[in-house]
Amino acid sequence: MTDVATNMRLKLPIACFILQIILIILFGVLVEYDHDTDARLWHSKNHSDYENDFYYRYPSFQDVHVMIFIGFGFLMTFLQRYGFSSVGFNFLIAAFSLQWATLMQGFFHGMHEGKIHIGVLSMINADFCTGSVLISFGAVLGKTSPFQLLVMAIFEVTLFSVNEFVLVTALGARDAGGSMTIHTFGAYFGLMVTRVLYRPNLNKSKHRNSSVYHSDLFAMIGTIYLWMFWPSFNSAITAQGDDQHRTAMNTYYSLAACTLSTYGMSALTAHDGKLDMVHIQNAALAGGVAAGTPSLSEKPVLENKLKIQDTCGVHNLHGMPGVLGAIVGAVTAAVATTDVYGRGMKDVFPDVASGDITASYQGLVQAISLAVTLGMALLGGLIVGFILKLPVFGAPSDSICYEDNVYWEVPGEEDHEEQLTAVHAAEAEKLN
Amino acid sequence: MTDVATNMRLKLPIACFILQIILIILFGVLVEYDHDTDARLWHSKNHSDYENDFYYRYPSFQDVHVMIFIGFGFLMTFLQRYGFSSVGFNFLIAAFSLQWATLMQGFFHGMHEGKIHIGVLSMINADFCTGSVLISFGAVLGKTSPFQLLVMAIFEVTLFSVNEFVLVTALGARDAGGSMTIHTFGAYFGLMVTRVLYRPNLNKSKHRNSSVYHSDLFAMIGTIYLWMFWPSFNSAITAQGDDQHRTAMNTYYSLAACTLSTYGMSALTAHDGKLDMVHIQNAALAGGVAAGTPSLSEKPVLENKLKIQDTCGVHNLHGMPGVLGAIVGAVTAAVATTDVYGRGMKDVFPDVASGDITASYQGLVQAISLAVTLGMALLGGLIVGFILKLPVFGAPSDSICYEDNVYWEVPGEEDHEEQLTAVHAAEAEKLN
Amino acid sequence: MTDVATNMRLKLPIACFILQIILIILFGVLVEYDHDTDARLWHSKNHSDYENDFYYRYPSFQDVHVMIFIGFGFLMTFLQRYGFSSVGFNFLIAAFSLQWATLMQGFFHGMHEGKIHIGVLSMINADFCTGSVLISFGAVLGKTSPFQLLVMAIFEVTLFSVNEFVLVTALGARDAGGSMTIHTFGAYFGLMVTRVLYRPNLNKSKHRNSSVYHSDLFAMIGTIYLWMFWPSFNSAITAQGDDQHRTAMNTYYSLAACTLSTYGMSALTAHDGKLDMVHIQNAALAGGVAAGTPSLSEKPVLENKLKIQDTCGVHNLHGMPGVLGAIVGAVTAAVATTDVYGRGMKDVFPDVASGDITASYQGLVQAISLAVTLGMALLGGLIVGFILKLPVFGAPSDSICYEDNVYWEVPGEEDHEEQLTAVHAAEAEKLN
């Protein structure tokens, strides 16, 4: 299955090395330790070492980190012959994206005398941005080369940071849990890319676009990790104290409620009243009853009518829930009062608390932010999709999609081969 | 393998939706944020955000959460054709139980002006109660429908909370690590349920009641996670400071000692002096040398003499160690002195420290608590077992136990099928 | 495949029980709770429970713990028929080593009135020492009995503690991240052991010394966990505050940079421009661009010229990177100034900060420490290797290396067997 077009011998090394060299130079020139990581700055003030941000953010960071590398990586191993690529490409583009995101977000979040300050918060934010890229990866899973994925990541991280800047800094929107910036943006960006990369003859690879027993079990590792650590994801960068505590807890109970509903919905809609593991994987993650359940079987509609070949179902998993979360967020903002939040109001909606704007204005800002996000994701995905169509990037042909063997040295299944050879030999003997 | 009796098309959705609607209503009516999660309450006092309970409990909570969903879920994947059900039913009943436990425990732990207060401690407690249900799940693994499991969970969570109330609040017993409330209760409840559900013709499914190479490796993921995070489990809700620290550390060293002994015992008792992975999985978790080792091969006795078909060996894994832990706890309590504990005595045995009761009286309380727990578990299991016998719950028949295909859409093993088809074709060709 | 020589029926139980009894006695006689775990000591002072070391170390400890048991254990499951042994022997020798390391390190780190004090720091240190033993295990993977591994662990833990004492206490070297004490020591000790145990006829087991598709996916679980938690590993025992924060962050970005370079290097050097999962597994962990990349394909050189059969590639994975890290550390120390570190200097190089020694002298100390480590590792490995050659330890013969079946009860692959039997029956029918 060696193919000149998909050969990465020179393309991938050149892309990796050039990108990494640029990253190292930019880090050297632009990046500095922040107050809590710089030895001189930290010791110049009179505080206890226990007050270092590390102790109040790092455990959440590590949970998020596990979601990015184990959660997303293994969630996508459900395809029968795409486990190496799912975990391996996830690893590659995440390792690139988190570095690039540190620079882009640092630039847009505000430089300090020409320098980007880094600490545990920038690490969490970089992982968040990476999550958005991995959502898009899910949409194009099995149909792209690692080179294409790296190029997609370059553009998507950049656009993500611009969008985040517009929403949070320019418009003053709140986006706890990343409904808009991460889920909505990542999903619709990826869906537009896969729309542009539409393959009319993809059914040539159809027999590999499904799971086998063990691949679904590997995928459950990813699913469960994403599910378990979602409370940490949603609360990782919220204000310290009650905010972080409350956000983690609300996520915990919402997810549990959503899971029960998903099982009911799966048995109701699936074949013969049996549960479907793909429903469980998708909807348990969709993060809310309203979001997760109605979208269970819209995948054929997307593919046949809209020509969107969404391998991993990111529309159900992140797109719809993201949009719904954003709408709920806008409504909640519009009706927020100090009666409910007390002095905590200033942590959740600081501009409303200070009296600078009204609650309904905050609601409007949230709604505008959703529209901006959708616009940037779709437009960005459109342009990047066309860029990725260039033959130089080495995409696989229609008949070799969803196949590790194209980009990976794949070991044989010795065991079975041996057994089959034994059967073969036994039969041959009988014939003589 | 479609079967009218086991069809869940209507039963499971109805059960899930009704339960979830009831849960949402009860949460809406009864549940309130506690002091550390409520924005108004938290900000009404003058303390640092760093003092929020979240930072001193949440990392332990996440470890416990991983034990519940990855640990228990994957531990039970050792059966060759029951991986989907092990992980998937574990997921379903855990998601239900943690919500129901929050309400039940909140009710019995003491309402605040008619409201249940929730925060990270209630999350940990809900996960603990869920652990007890999952222990019982292990005993009936492979022989029950998801509907039966949900019904079992409703009753077990309720009884668990009553038992916990009687022990901790009414009697004043100490139960660090949950020897009695979690392990003993969960194990004997489940064993009694499986006794009532005894299937004389279960040997029809005997060929599936064993592991294969890869299923044992998946099970090792669960085993190791349970083992690693046991220190967090035992220390998650103990008093802060030295107590929590000491409990985690004692568990760490006890488990290591137990593991070494288990390997010795396994090589000594198993076939041909080889190690048996099932021994390692069970005994390494049994939590103490005394508890783990002597019970290695009593499973046939349970099944043949007592008609208890204990799929996952929960008697060895949780029942015996739980009882032994409780007895050791009673003896320790009876001989506790202020010489040993100093001012820390009030964290461990507050009533003894205050002089209200003597140490030997505390020991008696512990012993009575064990008896109460055994009584409630066995009686509860008896009643619930008979309820679960009703045909409406859709249990699998004797010949289709330990089989995912009954309740799940199971993908083919395409790879092997293709290979086999190829062999087939080659043979056919040769014949012509 | 039962064999008198490799039968562990008596050898392993005797070794395990005697070792565990000795450990329990020594713990009983020598070990005491430290200030933060002892109820009396902790409550004798007037501090907040929030200041207990537990809250600032335990989350990092648990990450390290996962690296030791899941990371190392599953990393080595890449061999097609050695998954039980990889995870299972890893579990056994880690459970022994962490107990023995607590005693040895406690002895060398300084007794308190004849007693070893334990707390979360001793737990982390014990896990570190265990990591070193597991690195050596990687070099001899597949060619040793569990009895041999236990004996190796006894000596290696002891020597590790002596070496650590000489470096850190006697010479005053700094070894953050354990470049010298853990990685360099563990790698060269193991390499020398495998050199002494050289098997000229190992090619008899060659067909099993390779991976299959699923075994590589299991190995990726280990790889990714080691990668993700490396920041916690490197920062777990550094000084609290900015130090710990900075170390974790630096590791995070270094690893990401290294990963990108590794992918480039793998595509450049591997067959047909495809990525090689073994490269990704090894080099992504090597912890630095300089260290990880040039060593990609030196394994044949080691084996053919130096007769070092390094199963898991620990020379690339830990040896070279460890030495390079140590050299970089020596250079960094020699040029450290208060301008860069400010008042934090006293945390990083206390002797330089206090003016007792110059920075260049510190650099010399680091260089000497590296030489001492290499010397002790090679000499120790030489002696231990010859001890392990004694036939009593039950090593497998050349033709049954890399095979679980030698020391484990291995279940059949029922599924495939059934399918094959079915094919067989179908063919037979056709013939008649």
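Each chain gets a letter, A, B and C, in the order it is written, and its residues are counted from 1.
Just so it is clear, a residue touches a chain if its C-beta (ideal position, glycine included) is under 8 Å from a C-beta of that chain, and two chains touch if they have at least 3 such contacts.
Not measured: the values here are computed from a predicted model.
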Turn needed to bring chain A onto chain B - CA fit, degrees, nearest 5: 120
Self-contact between copies chain A and chain C, residue sets same or different by half: different
Centre-of-Cα separation between chain C and chain A, whole angstrom: 32
Residue list for chain A, restricted to those that touch at least two other chains: 50, 55, 59, 214, 221, 413, 416, 420, 423, 427, 431
Of all residues in chain B, those that touch chain C in their complex: 50-51, 55-56, 59-60, 63, 80-81, 207, 210-214, 216-217, 220-221, 224-225, 227-229, 232, 239-246, 248-249, 252-253, 255-257, 259-261, 263-265, 267-268, 270-277, 280, 284, 289, 340-345, 347-348, 413, 416-417, 420, 423-424, 427-428, 431
Chain C-facing residues of chain A, complex: 2, 7-17, 19-20, 23-24, 27, 33, 36-44, 49-50, 52-55, 58-59, 62, 65-66, 69-70, 73-74, 77, 83-84, 87-88, 91-92, 95-96, 98-99, 102, 118-120, 123, 146, 214, 218, 221, 406-416, 419-420, 423, 426-427, 430-431
